[in-house]
Amino acid sequence: MSSFNPQTPASYKGLHSFLAGLPGIDQVGAEARAAALGTRSIKKESKIWAIDMAISMVDLTTLEGADTPGKVTAMSAKALHPDPTDPSTPSVAAVCVYGDLVYAAREVVGDRLHVAAVATAFPSGRASLNVKLADTKEAVDAGADEIDMVIDRGAFLCGNYGKVFDEIVAVKQACGTAHLKVILETGELKTLDNVRKASWLAMKAGADFIKTSTGKVTPAATLPVTLVMLEAVRDYYQETNIRIGVKAAGGIKTSKDAIKYLVLVNESVGDAWLTPDLFRFGASTLLNDLLLQRQKMITGHYSGPDYVTID
Amino acid sequence: MIGTDRVEVRKTHKLFIGGAFPRSESGRTYEVVNTRGEFLANIAKASKKDARDAVISARTGFNSWSKASAYNRGQVLYRIAEVMEGRKDQFINDIQDAEGTSNKKATAQTDQAIDRVVWYAGWADKYSQVLGNTNPVSGPFFNFSIPEPTGVVAAVAPQDSSLLGLISVMAPILVSGNSVIVIASTNSPIPAITLSECLATSDVVAGNINILTGDPAEIMPHLATHADVNALDLTGITDPVLLAQLEVEAAGTVKRVRKAPINPNWQVTPSLSRIRAFTEIKTVWHPMGMH
Amino acid sequence: MSFQYAPAPESTSIVNIKSSNGLFINGEFTPGHGTPFKTINPATEEVLAEIAQANQEDVDAAVRAARRAYDKSWSKMPGRDRGKYLFRIARLIQERAREFAVLETMDNGKPIRESRDVDVPIAAAHFFYHAGWADKLEFAGFGSNPQSLGVAAQIIPWNFPLLMLAWKIAPALATGNTVVLKPAETTPLTALLFAEICQQADLPQGVVNILTGDGETGRMLVEHPDVNKIAFTGSTAVGQAIQRQIAGSSKRLTLELGGKAANIVFDDAPIDQAVEGIVNGIYFNQGHVCCAGSRLLLQESIAEQTIESLKRRLQTLRLGDPLDKNTDIGAINSREQLNRIIDLTQSGEDEGAQRWSPDCVLPAKGFWFAPTVFTNVTQAHRIAREEIFGPVLSVLTFRTPDEAIEKANNTPYGLSAGIWTEKGSRILGMANKVRAGVVWANTFNRFDPASPFGGYKESGFGREGGIQGLGAYLTSEESS
């Protein structure tokens, strides 16, 4: 459960001042810290632990125009049993699809996995609030228990923080009991200062999770951007005692990458966040690499693409 | 016969400290004679307390001189040259008395000395472009090195070359913003005293330049051990034992020491090494990242 | 559930330490004539090797070799060719990088990640950089025909053994001098491996000579009449002794001595990066850094919360086996150094400062000291004044930029300083006022061969690196 303070127009100035007063970030320093954490050497039993944890944090995703019920059904089955030859393999955290295919996912996973739907005119976010809310409600009605919304980056970049805030509040209400992830689309925000501001804005407006990217814009998730978001979440926790989750989405393809993110979480916000309830990977191809690495750790030899399923 | 020979007003030669002309607090003087052994003047004999006072003035002077813009420092040095030019005849007489040279040679030395001040004046807003630079470090950093004045410098002027040598030691120390305590040539101090009168009427900040007369062997050890003196210029020390002693004493506070040159030729246009010797290179790093 | 990192040790099989080692004189390894001593691994106290002690005879032989090499080959060699030898050396360091890194960690106690990612690459970079200067000296601003000095005696400390060797040898050779270098007593091994590199590069014999030994060897080297130039990095006390020793001679001297740098953090600092900068500033290399940010000057308005953030960050530091790739804090280099750190930290407690360390398990064998923070420190405390040379941070506060400058400059040292603020004019304004030879603004502990390094006041004189660093090894014909 998150807390939020609905702001009236009169207090937008308060929101602006608050965001302006957040500490700045030195890009070079932040990148250096993220890179340094990426040099941690995670081997043997800690690598196995990390791989299994990463698998359990995956939101297995398909968000293509060409998606069909068949595609979603197959992916959902894999989400439940990522490696049919090894039942000890953990299942993923969620499947992530467009709102109109939520039903197909739900049919396969039942109550065993979360079903996350992207909503609010994903990925661009360019539509009226009514359209965005309708998008959200339909996904929730169809059975999504997690909603991944996008913020209005245009509004953010022209300084209309109040509009961005209000939309998140409204979408959160439309979610009902569903969990809200707020996508910042960091690749369009560009500066780390913007990422910090957007993170705080989203948390104050009611986000349960803040998410880096839609995956449709490059760069998507990066270690420095995720570090900044984790630091915002840490600071928010210091202030409110509430833990907000972070989802790194897009561009994370290999186990090595995923493990770097886990190290990042471990050494920034701390190991309380090393749970699918507070950290997720938005990914599609990552899962197979995790499975291949898992197989290698268990069998002792390198595995190959024939030994993991394509959906 | 009587009434046509005017009685001269003779000068009392005093120290130049903090922009003023005090006698030595010790009350002592010593006699200076010309090359024929004829009495020239009683010169103030600086004591260690005078040296101490000079350091205090020099530090105060440094605090404002070092903050002056390069342009400003160049202007001040140029003004010194202007005032010297106006006193040319006096300098020529002083040099002839002190060094026993011909009028022609004394004139040449004076001309060169003034021209050297002008030369150094022109360096004030340029030497940092030659001694400083940006550094191409590998990484997203802007990195630059700049020369800064080291602080208070105690210098011993050459024993010979009572004006040109003196200027050639003092001016490069001042150009970069240091303040200086100069011990004039023991036997030929009078041009230095005339110079101090020029300084008092130029735009020099009080304490920036201090000129002491006396025995370097007596005064310099106190300056060499003084913790608020940053560097020594030992150009005018001729006694190798004293030279070594001063270098030992300088080590107590890790002072920068410029050793005495061998057979210096003051007439040749100098290099930048005297300016460089009394600057500290400061190197600054800052990340470059627009995000 | 917590994420434990399994041990990730770097293998030591790549190094080949000889049980008994000689001196490197005139291109060959030759026994020393003094009483040999041992070098140990400070993380385990295990003896690594026996090291030769150079006595007067050996010092004389080395200087003679350096002189002969200078007279007969090196000073006659065109700069272009000197440069090519330096390029060879740079390449060989890169080729044997892993070996150098592991050896450095074993002999010094620093984490392998630092040896591998900082010490060895920057050492190679120094040789690359200076190689290119060898045939361009007339453009460096020291006159149209600058000359080398002759034989350089170089004495280096134990904190960055290979890197300090590179800082000394590269510019000396590039400018046409020959060298006799004495590594620190506790860290001779990478210097001896470097001697092998010199052989592999076919460097003319006598151009580089390595004399292992203690302070006595250093003294004999400094006093040798046929040495033209001395370069020393180490404590202020020894630097002063050297300065006294050569008084009256024509020997040239540069000194790189101690420091007690102020790391100044303003309320508008990029705070997360500032915390990293604070940590890096004093805990990198176990605090065995002359330019360490050992005095944190925190703006009073953010002091409490920054100290909390700092403590939280320190809890993630990993102290332990230096050969483990995940280790952040390695061993203290020697028992002597450890005792010094213990004494000074005790004085901090005695004088009333508050002491704190993160939870840290210190291994049973070896020399270890947990990262330590003292708060409520004032300028009058010994721990704010004296160089501890260990992982101990003293935290003081200030109210205004002027007060920060006053406190920062109120020390006989002047090697480095850090400034953390997002305000551009303040960055430059503070950099202008702080009396230090190296100023890191919104960063810390950055080194590069192109960037001159050295101090003001009792931190020494002369610069190493960059164009200015060449001046220490050159002379130009001057008229006055």
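Every chain is named by a letter (A, B and C) in the order it is written, and numbering of its residues begins at 1.
As a convention for this text, a residue touches a chain if its C-beta (ideal position, glycine included) is under 8 Å from a C-beta of that chain, and two chains touch if they have at least 3 such contacts.
Treat the numbers as computed from the prediction; the structure is a model and nothing was measured.
Across B-C and A-B, the chain pair carrying more C-beta contacts is B-C.
Geometrically, the chain at the heart of the complex, using CA-atom means, is C. Chain A and chain C have CA centres that are 44 Å apart.
Distance from the chain B centre to the chain C centre is 37 Å, each centre being the mean of its Cα atoms.
Chain A and chain B have Cα centroids separated by 70 Å. Counting only residues that touch two or more partner chains, chain C has 442-443.
Shared interface positions of chain A, defined as residues touching 2 or more other chains, are 26, 28-29.
Counting partner chains per residue, chain B shows two or more touched chains at residues 141, 287.
The part of chain B that touches chain A in the complex is made up of residues 140-141, 287-291. Those residues of chain C lying in contact with chain B across their complex are 125, 141, 143, 236, 239-241, 243-244, 246-248, 250, 255, 257, 412, 427, 431, 436-443, 446, 448, 450-454, 456-461, 463, 466-468, 471, 476, 478-480. In the complex of the two chains, the chain C residues touching chain A come out as 1-8, 113, 117, 268-273, 276-277, 316, 325-326, 422, 442-443. On the side of chain A, the complex with chain C involves touching residues 23-26, 28-30, 32-33, 39-47, 49-50, 53, 231, 262-263, 266-267, 271, 274-275.
Residue ranges on chain B touching chain C, taken from their complex, read 130-131, 133, 135-139, 141, 143, 145, 150, 165, 168, 227, 230, 240-241, 243-248, 250-254, 256, 259, 261, 264-274, 276, 280-287.
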